[in-house]
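Shown below is the structure under consideration.
Which chain is which? They are A, B and C, in the order written, and residues in each are numbered from 1.
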């Protein structure tokens, strides 16, 4: 199971399968508030057979970015690219796209219609897409059985007539994954896939995601607040803060020696149990309707507060100059005035 | 691994759906049987419907004609006429049983009409949001604040007098409550993650409404239907009593109207007033009991206590 | 003497298919000022245990055993005394701060409530105390005029903590106080709780499914599985050198960043947490246990002493510490 470090992650020679190009998504704010810039200029590339973790606090726009990549939210500007083509929002091409890129949500209980049996939940995609989706299978039931067993529910026939409430949390999430697999997608977007599962079950579901990549060549974008999850399964990580990617690169690099002060704080907080002194950021996660001037992280930035930014002579830039949007690609990059901006 | 796994072991999708449906129907039956009030309501309904359907077998047109009525007017109950006779000399037993035909017909037909309109408006307004919802809900609100009886009376007086008109008059005025209820339930269902999952699978509006929203809204619609029937039966009686129905057809409302016209109230001829009045109460109560039981089964949180 | 002493606690819930044992014979003691972490997954009985400490269990639950708080038996004391103990001596911080606060009353009123109930003071007096409490939990005194919906999740949890502190309790029970919050807010809240209880010498019973959170916040850890404590010991030792296979699985579920063995190798247990109404024979962990022996199917091991201040309920512990079987 363990692969030598770094041999899968980042294959710059390949072209990405799913990309965000200067993506921006805005929502009308509440009364008195301006427009919320949930995604505020993001370039992101997902390569074939890659697991990319998109990490950030709630409200940072990671879920909106994921939904935009799925075509569930229309971007305000920018483009989504899939397999070398711009995603078109015309109904027929969107429907074809849906077969290729599948969604797995956080809460497996809510993701399954309580009135549908496991069979119906998994077969739903096949029924929507009709005969095209069956592939080499001749029969819907055989295809459903195949998807269930690929998701680790064996023997599949035993689960056909079960209802979601008769299953455990881990089994429900496997049913949701089977429902995605049944369409033979190339990419899975998983939004906090294990956040609502029990600790002992979590590892098994993560193993499944890894196995799907290794055996079926799937790519996965895993949206999470949990850096330990990224360390467990991801090849590459992108850290999002207030609508932008602030640091991205191979997991070993970013989690072992993070550069952006925000990433440093996130890593330090979850390593606290191991005796390291954590950097706890003050304040609340900021509001996408009021993005600060300059570097969007500067009001909470420990490097600015500790004087490191002053020492480096970039304090004025931190407070006044917005950072350029990081380009996509698989190389390690950081959007911080403390580091020379690589292009 | 299991592509080749003995397909014989895998039941066909249709069989699976069938099994699920029969199982859930059986479960529903068992649960309903536990509600004693609901069972009483159902029994009363079944008996009334059977009587109404079978009425032509033992009541002839002569018995109901004002000209060829078998008894003399306003006879007190006797062995021959167990509930006495009305102002034309017709047996009150025959009149009451025959009246159930119109009352039930109007009640059910008007309900079907109002449920179809209400559910459709509610579903569409709940599913499509944006301007569709705004327009539909404005219309609903407008109908909601109109006094139902006045509107129905106005419609009944403008249109051709007859059973059809009464059905339409009740049908087009009774739906706004249903629309609001269905919309609220639709919004709840639409907020569930499985709707988003279905969208991500590529489902269109039609698929989502048919496969996810409707089955989850249906119980509410069903319970609301039974409650609407009793309201519609009452509305029919009221319209008929006000003389806005076809006076030549025997219904509970026209019977009461006739009784009132000939002064049965002041004369104390209770046997003319009580049977149709009680019949209305009984039918309305029976439908309400069924509706409450359905509600309790579909939405257990509503049925607090026992 | 211990501040809290639980002896052979058993909690049974009635159900359609017969009684369900949610807590099965728990012995646990806490000293004054001690911070104890209780770890376990959903359904393991940890919340039931927390609720039973203040007799907050739903009606119908049957409790056996003794819970001594400062020498007094909670389970047998009269209602008047119990009311005094709730809040004033021991208070609970729940997981869902959204639902535990009344949406139509201002934060200040709700923080003042326990003071008004438990201390005979004039109505106006608590205002100063409320402002003080809010400041101590890192909120502006003006927050007192706000309503719960105007606050963020982290701020609401701070209000809950202020309420718990209102009557200067000696024990605070916090049931998953941070699991609905972001990592950064979670760290803020845990640090706040840690500072407050340490400064005042309050004992803390912190309940969570995340062993690493408990380890950073507590002195001692107890791991619960299927209604029993399966391991107990100093927090650092239980986390870094677990003796019970279930504790190892929990510790490995959230790996350390930089740990090469966890890289691309998530650790989990096969199967699902047990259903309390259908517990397996013998050791309740045996069906999922990677190191189960033949005898595990037959005997449910008791907690054996395993080194200084450590206990674990596993046959492997008995075998590795020969004296344990008699200790």
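By our rule, contacts are C-beta pairs under 8 Å (C-beta built on N, C-alpha and C of every residue); 3 or more make two chains touch, one makes a residue touch a chain.
Here the structure is a predicted model, which means the values were calculated and not measured.
Engineer: For the chain pair with the highest number of C-beta contact pairs, give its two chain identifiers.
Structural biologist: Ranked by C-beta contact count, first place goes to A-C.
Engineer: Farthest chain from chain B, comparing Cα centres?
Structural biologist: Of all chains, C has its centre farthest from that of chain B.
Engineer: Taking the mean of the CA coordinates per chain, how far is chain A from chain C in Å?
Structural biologist: From the centre of chain A to the centre of chain C is 32 Å.
Engineer: Approximately how many whole Å separate the CA-defined centres of chain A and chain B?
Structural biologist: 50
Engineer: Which part of chain B faces chain A closely enough to touch in the complex?
Structural biologist: Residues in contact with chain A: 1-3, 5, 7, 9-13, 16-17, 19-20, 192-194, 196-204, 207, 211-212, 215-216.
Engineer: Taking the touch rule as given, give the residues of chain C at its contact with chain A in the complex, in rising order.
Structural biologist: 41-42, 152, 154-155, 182-188, 191, 209-213, 215-216, 239, 246, 249-250, 252-270, 272-273, 288
Engineer: Per the contact definition, I'd like the list of chain A residues that touch chain C in the complex.
Structural biologist: Interface residues on the chain A side: 1-3, 5, 57-58, 168-171, 198-207, 210, 225-228, 231-233, 251-252, 255-256, 265-267, 269-274, 278, 280-282, 284-285.
Engineer: In their shared complex, at which residues does chain A touch chain B?
Structural biologist: It is residues 70, 72, 91, 94-95, 98-99, 102-103, 105-107, 110-113, 115, 117, 119-120, 123-125, 128-129, 136-137, 139-142, 145-146, 149-150, 154-157, 160-161, 176, 179-180, 183 of chain A that touch chain B.
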